[in-house]
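Order of writing sets the chain letters: A, B, C, D, E and F. Residues in each chain are counted from 1.
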Amino acid sequence: MKRPSGRAATELRAIRLTRHYTKHAEGSVLVEFGDTKVICTVSVESGVPRFLKGQGQGWLTAEYGMLPRATGERTQREASRGKQGGRTLEIQRLIGRSLRAALDMGKLGENTLYVDCDVIQADGGTRTASITGAMVALVDALAAMKKRGQLKQDPLKQMVAAVSVGIYQGEPVLDLDYLEDSAAETDLNVVMTSAGGFIEVQGTAEGEPFQPEELNAMLALARDGLHELFALQRVALETE
Amino acid sequence: MKRPSGRAATELRAIRLTRHYTKHAEGSVLVEFGDTKVICTVSVESGVPRFLKGQGQGWLTAEYGMLPRATGERTQREASRGKQGGRTLEIQRLIGRSLRAALDMGKLGENTLYVDCDVIQADGGTRTASITGAMVALVDALAAMKKRGQLKQDPLKQMVAAVSVGIYQGEPVLDLDYLEDSAAETDLNVVMTSAGGFIEVQGTAEGEPFQPEELNAMLALARDGLHELFALQRVALETE
Amino acid sequence: MKRPSGRAATELRAIRLTRHYTKHAEGSVLVEFGDTKVICTVSVESGVPRFLKGQGQGWLTAEYGMLPRATGERTQREASRGKQGGRTLEIQRLIGRSLRAALDMGKLGENTLYVDCDVIQADGGTRTASITGAMVALVDALAAMKKRGQLKQDPLKQMVAAVSVGIYQGEPVLDLDYLEDSAAETDLNVVMTSAGGFIEVQGTAEGEPFQPEELNAMLALARDGLHELFALQRVALETE
Amino acid sequence: MKRPSGRAATELRAIRLTRHYTKHAEGSVLVEFGDTKVICTVSVESGVPRFLKGQGQGWLTAEYGMLPRATGERTQREASRGKQGGRTLEIQRLIGRSLRAALDMGKLGENTLYVDCDVIQADGGTRTASITGAMVALVDALAAMKKRGQLKQDPLKQMVAAVSVGIYQGEPVLDLDYLEDSAAETDLNVVMTSAGGFIEVQGTAEGEPFQPEELNAMLALARDGLHELFALQRVALETE
Amino acid sequence: MKRPSGRAATELRAIRLTRHYTKHAEGSVLVEFGDTKVICTVSVESGVPRFLKGQGQGWLTAEYGMLPRATGERTQREASRGKQGGRTLEIQRLIGRSLRAALDMGKLGENTLYVDCDVIQADGGTRTASITGAMVALVDALAAMKKRGQLKQDPLKQMVAAVSVGIYQGEPVLDLDYLEDSAAETDLNVVMTSAGGFIEVQGTAEGEPFQPEELNAMLALARDGLHELFALQRVALETE
Amino acid sequence: MKRPSGRAATELRAIRLTRHYTKHAEGSVLVEFGDTKVICTVSVESGVPRFLKGQGQGWLTAEYGMLPRATGERTQREASRGKQGGRTLEIQRLIGRSLRAALDMGKLGENTLYVDCDVIQADGGTRTASITGAMVALVDALAAMKKRGQLKQDPLKQMVAAVSVGIYQGEPVLDLDYLEDSAAETDLNVVMTSAGGFIEVQGTAEGEPFQPEELNAMLALARDGLHELFALQRVALETE
C-alpha cells in the first residue's frame, strides 16, 4: 500500500498552528493539517443562553463554515441558500461538544464562548483540524478573560484534540487527506483528551462493514497521532 | 447498580415490530422499543436525484421527525419553525447511511426509496429503533417492488439493525431508555450488519471521557443485543 | 347511487376514539373515521401569548400535520420544505377556532392549550376527524389540569364535533371518504356544538354551484351525523 | 339596532369599480366597498403549472396582500417577515377557487392567469371586495386575450361575486364594515354565481353558535346583495 | 436627440403629490412622476429599536415594495418567494438614509417612524419618486404627532427630495422614464436637501464609463430639477 | 487635521495582493488594505443563468461574506440567521456590476464566473478592497480559461479598481480605515477603469450634506489613489 501523499501509515500531515491570526477575536488560530486550512476564532460575550440563565455557569457554542471555493468544485454559499446544511450542523455540534469537554462550565461565570471554524481551504479532515486548532484559540481566549478580570478560577480541565483515521486499501492509516478520504473503506474520527480518554468516537463504513479488530487498530493509530497533536498544541502555546 | 426499569444490564426492552401498520406505503412498520414508538414507512418513487441520473443505479434517502408531544415537554413543530434542527438532520443522515449499507444500489434500478421515521412516542433510543424498524419496512418495500415487476435482481445485501449502549452508574448497560440516557456518562450507538460488521459506531462522553476498555465492553454488549434484534426482525418478516 | 364503500347515504364510517393513546400528553386520543387515523394530543403550558398577557384568561392554539406517507402518494415533509402549506394553515386555524368555542377562556387561567393533530393515515375527512378527536383529548387535558389544581372553575362550555357532507352523484351523503371526496360536486364541513348550534359551516362547490335547498339537505344530514358523534364522544369519555 | 354607518340592514356600502386602474396588467380594477379599497390585477402568462402540462387546459391562481398601513395599526410586511401568514394564504386560496368557478379551463388554452389582489385601505370585507373586483378584471383580461388571438373559444362560464353578511346586535346585516365585523356574533362570506348557485359559503361563529334559521336569513340577505353586485359589475363592464 | 416622451432634456415628468391618500396612516401621499405611482405612508409607533433604547432619541426606518403587476411583466411577490430581493433592500436602505437626513432624531423622542413606499405602477424612477413623496408624508406625520402632543420640539431640519438623471444618446437628461432608463449609458440618482447639499449621489455606468465632466453636467441638471421638486412639495404642503 | 493612522490625507494604506492564495480556485487573491483582509476567489463554471441561455454570451456574479469575528464585535453568521443582510446584498451587487464592466461578455462564451469575496479581517473599506483584489483574481481566472482552451478571444476590456474617500474633520482623505469611516462626515466609494472613466460613484452624507466642490475634491483624491492601485495590480500580475 502506498499513500497518495507518500506518507507512512502512521504519519500526520504537516501541522501548523498560527496564533493571533486575526486581530479582533480573543482567540484566533489558523490551523493547517497539510493543505486543509481553517481559521478558528473564539469570541467572549457576557451572558448565557436562556436555558442556563441564573445558574451561575457559562456556555460554549460552535459554528462551522466553508468558503464557497474552499473545495475543488465551488459549493453554494449557505447564507445565500438560506440555511445551513446537515453536514455543517453535524460538524458544528461535534466541535461544540468536544470543546465543552475541555471546560468546567461552573468556573466560566455567566459568559458564552463562540467558537467559529471557517475552512478557507479543504483537503480532508476539516472537522478534526477545527477541533485541534480551536482548542488552542480557546486557551488564548481564556487567557484574555483572565487578563480582563472576567475569571475567578481557571475553567480549563484538560486539552482536547481530534484526528481522523481510516482503512485505506485494506490498511489503517492516520490523518486522511481528501484523496484518501474519498477512497477509504472506513472513516473514523476520534476526539480525545490529553489524559487519553475518549470524548467522541465516530466510525462510518463507507463501503464494506468494519470489524472490531479493525476498529481497535484504528483507535491505536489515532491515539498515537493525538499524542503528537497534544505536543504540537503545547509547543504553539508556549511560543509567544 | 439497579436500572430504573429493573432490567438486567444485558436486557433489551420489549421489542415489537408491527408490519403493514399503515395502508398506503410500500413498507410500513410500527417499531416499539419499550415506550419508544416509531412509525417507519418506505415509499418507492421512480427516478433518482440529479447527481445519480443516467448511472443506472438507485438511491435511498431518509427523513426523521417527532410529533410535538412525543416528548415529556412539548417541542415546537419543525414545520412551523421553518427548519429542521441539527439533531433531526444528524439522525436522518445516520438512518440513510445505515440503510444504504443494506442495499446494492446497482440492483435497485433508477428508483428512489424514501424512508420516513416518525416518532409518535419517545423514551430514548429513537434513532436505533428507527433503523431497526425501517430495515423491516425496507424488506417489505422491496417485496412490493418485486411483485410489481420493478426489480430484476434482489438489491438486498444484508440486514442492518441498531442499538444503543451506555455506561450507567459505572456499568455498561444495553438499550438505554430516557431515564438512563439522561444520566449516562457515555452513550454509544452501534449500527451493525447481520454478519457482524459495523456500519456506524458513534460514542459520546456526556460527562467523563471513556476508556478503550469501556468502549470494548460496550461494543460486546451491543453485539449481543443486535443478534437478538436480527432474530426479532427475522421472526417479524416470516410471520404474515 | 351506490357509495364506493357500500355505506348508506346517512351512514358514518366506523368511528373509534382511543384515549390515552400516547403517554406524555395531558390529553391524547387516536381518532379513526374508517381508514382516516389522526393522533390528537392536548398539551398544557402555563402562560399565554403576548397579546393576552395580564388579562387573566387562557388560550388554545392548534397545529396540524400529516406524516409524509399518510397519503396514497408521498407528500414532501413540511419541515424539510421549510414552511407549512396553505392547506395545513387553513386546517389548523379551523381546528383552533372550533375548539376555542368549547371553552370559556376566562375560566382557563393564564394557561395555553396546544392541540396537535397529526394524521398518520389519510382517507378523507382529516379535519373533521381531528376536531372530533381533539375535543375528547381536550376534556382529558382539562381533567388533568383539575387534578393538578390548575383550574378553579370548569372552563368547558359545550362539546364540539365536526363532520363532512357532500353531494355525490347528485345525492347528499354523510362523512365522505377519499374516493367520494375526490368525485364530490360539493363538499361541506360542519362544526357544531352538542346543543345544535353551528360553529363553522364551510361549503365549497368543486364542480357545479350548489343550491340553497341542497345546502339545507346537507346541513340536515350533518346534524344527524353529529348527534351520533356526540354520543360516541360521550361513550368514550365515560369508559376508563 | 343601529348600524355604526347608519346604513339599513340590507344596504351595501357605496361600491365603485374603476377599470384600467393601472396600465400594465391585462385586467386592472380598483374596487371600493366603502372605505375598503383593493387593486385587482389579472396577468396572462403562457404555460401552466407542472401538474397540468400537456392536458390542453389553463389555470388561474390568486395572490392577496395588504399594504402595511392599509390597517389602523401598521402590520408587518410579509415580504420582510419571510412568509405569508395563514390568513393571507386562506384568503388567496378562496379567491382562486372562486374565480376558477367562473371559467371553463378547457377553453383557456395552456395559459395561466395570475390574479393579484392588493388591499391599499382596509375597512372590513377585503376578501369579498377582492373577488367581486377581480371578476371584472378577469373579464377585461379575457378580452385582451381575445384581441391578441390567444383564445379560440370564450372560457367565461358565469360571473361570480362575493359579499359578507353577519349577525350584528342580534340582527342579520349585509356587507359588514370593520366596526361591525369586530363586534359581530357571526360572520358569513358568500360567493355566488350570477345564476344564483353558491360557490362558497363560509360561516363562523365569533361568539355564540348560530342556528339554521339564522343561517338561512343571512343567506337570503347575501343573495339580495349579490344581485346588486352583479348589476354593478355589468354596468362597469358596459361603460368604456 | 429626441426623448421618447418628447420632453426637453431638462424637463421633469408631470409630478403630482396627493396628500391624505389613505385614511389610517399619520402621513399618506400618492406620488406620481408621470406614470410612476407610489403610495407613501408614514406610521408612528412609540418605542425605538433595541440599539437605541434609553438614549432619548427616535428612529426612522423605511420599507419598499412593488405590486406584482406594477411592471410590464409580472414579477413574483416577495412575500411568496419568502424574501426581499437585493434591489428592494438596497432601495429601502436608501430611502431610510435619505429621510433620516431630514430629521433631528434627538427631537423626535423615543418614537419610530415607519416609512412604507409601495409602487402601484412603475415607469422608471421609483426610488426617487418614493423619497420625494415620502418626504411630504413625513411632514404630515410630524404634524399629526404635534397635534397629539407627542413632540416637544420640531424635529424637521430640512426638506429632502430626489431625482434621477442620465446620459441618454450621449446627452444628459432629467428624470428618466422606463424607456430611457433601459437605454441610458449612465444612470445617476441624486438626493439633495432644499439648501442644496447632497445627501446621496449614486452614479452607475450601465455601458461605457462616464467622465468627470459628464458627472458634473448631470449633477447640475439634477440640482435644477430638485429645486422644482422642492417647490412642488411646498405647494402640496401649503394646500389643505 | 491628523489621521488616526498618521497617514497623509492622500496616502493609501499598505496594499498587498497575494495571488494563488488558495489552491482550488481558478483565481485566488488575498487582498490587504492595511488591516482589512479579504480572500477573493474566481471560479469558472460552464453554462449561464436562464435569462442568458442561448445568447452565446457569458456572465459574472459576485457574493460577499464576512467571517463572524472579522469585526470588533462578533456578528451573527448569515448562514445561521437564514438570510443575507441588506448590506451584504448591496455590496455583492456592487462588486458584480463593477467587475462585469471589465469584461466583454460576448467573448466569454457561455461560462459563468463566480466571484467570492470573504472578509477575514475588517478595518474599513472592505468593498473597495474586494473589487480591487477580485479584479486581479479575475485576470488569473481568465488565464486559466485560456490555458484550458475555454476562450477563443480575450474578454478583458479594461482593469477596474475601487477606493473610498471621505471628509474627515473637514478635509478630504483617501482610503478610510474603520476609525475614520465611523467618524467621517461623508463617505464616497469610487470604482474606476484604468482609462480613468467612472463605473460607480456612491457618495453618502453621514452627517452634514456635502457640497459639489467637496465632491469634486474627493473625486480628484480618489483618482490619484486609483492610479496607484492600478500600478499595484500591474506589479502583482507581472510577478509570478
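Operating definition for what follows: contacts are C-beta pairs under 8 Å (C-beta built on N, C-alpha and C of every residue); 3 or more make two chains touch, one makes a residue touch a chain.
Please read these numbers as outputs of a predicted model, since none were measured by experiment.
Undergrad: State the smallest step count from chain D to chain F, taking one step as a move to a touching chain.
TA: 2
Undergrad: Based only on mean CA positions, could you tell me how far chain B sits from chain D in angstrom?
TA: One centre to the other, that is 50 Å.
Undergrad: Please work out the Cα centroid separation of chain C and chain F, and write it as a whole number of Å.
TA: Each chain's C-alpha centroid was found; their separation is 59 Å.
Undergrad: Indicate the whole-number Å distance between the mean C-alpha point of chain E and the mean C-alpha point of chain F.
TA: The computed centroid separation for chain E versus chain F comes out at 28 Å.
Undergrad: Between chain A and chain F, tell me the centre distance in angstrom, where each centre is the average of that chain's C-alpha atoms.
TA: Spacing between the chain centres: roughly 33 Å.
Undergrad: Could you say which residues in chain D touch two or more other chains, in rising order?
TA: 82-83
Undergrad: Can you name the chains in ring order, beginning at chain C and moving first to chain D?
TA: Start: chain C; next: chain D; complete ring order: C, D, E, F, A, B.
Undergrad: Over in the complex, which chain C residues touch chain D? Could you list them?
TA: 83, 85-87, 89-90, 92-93, 97, 101, 188, 192-193, 195-205, 208-212, 215-216, 219
Undergrad: What part of chain D is in contact with chain E in the complex they form?
TA: Listed in rising order, the residues of chain D that touch chain E are 22-25, 28, 35, 37, 39, 41, 43, 45, 63, 65, 67-72, 74, 77-84, 88, 114, 116, 118, 120-122.
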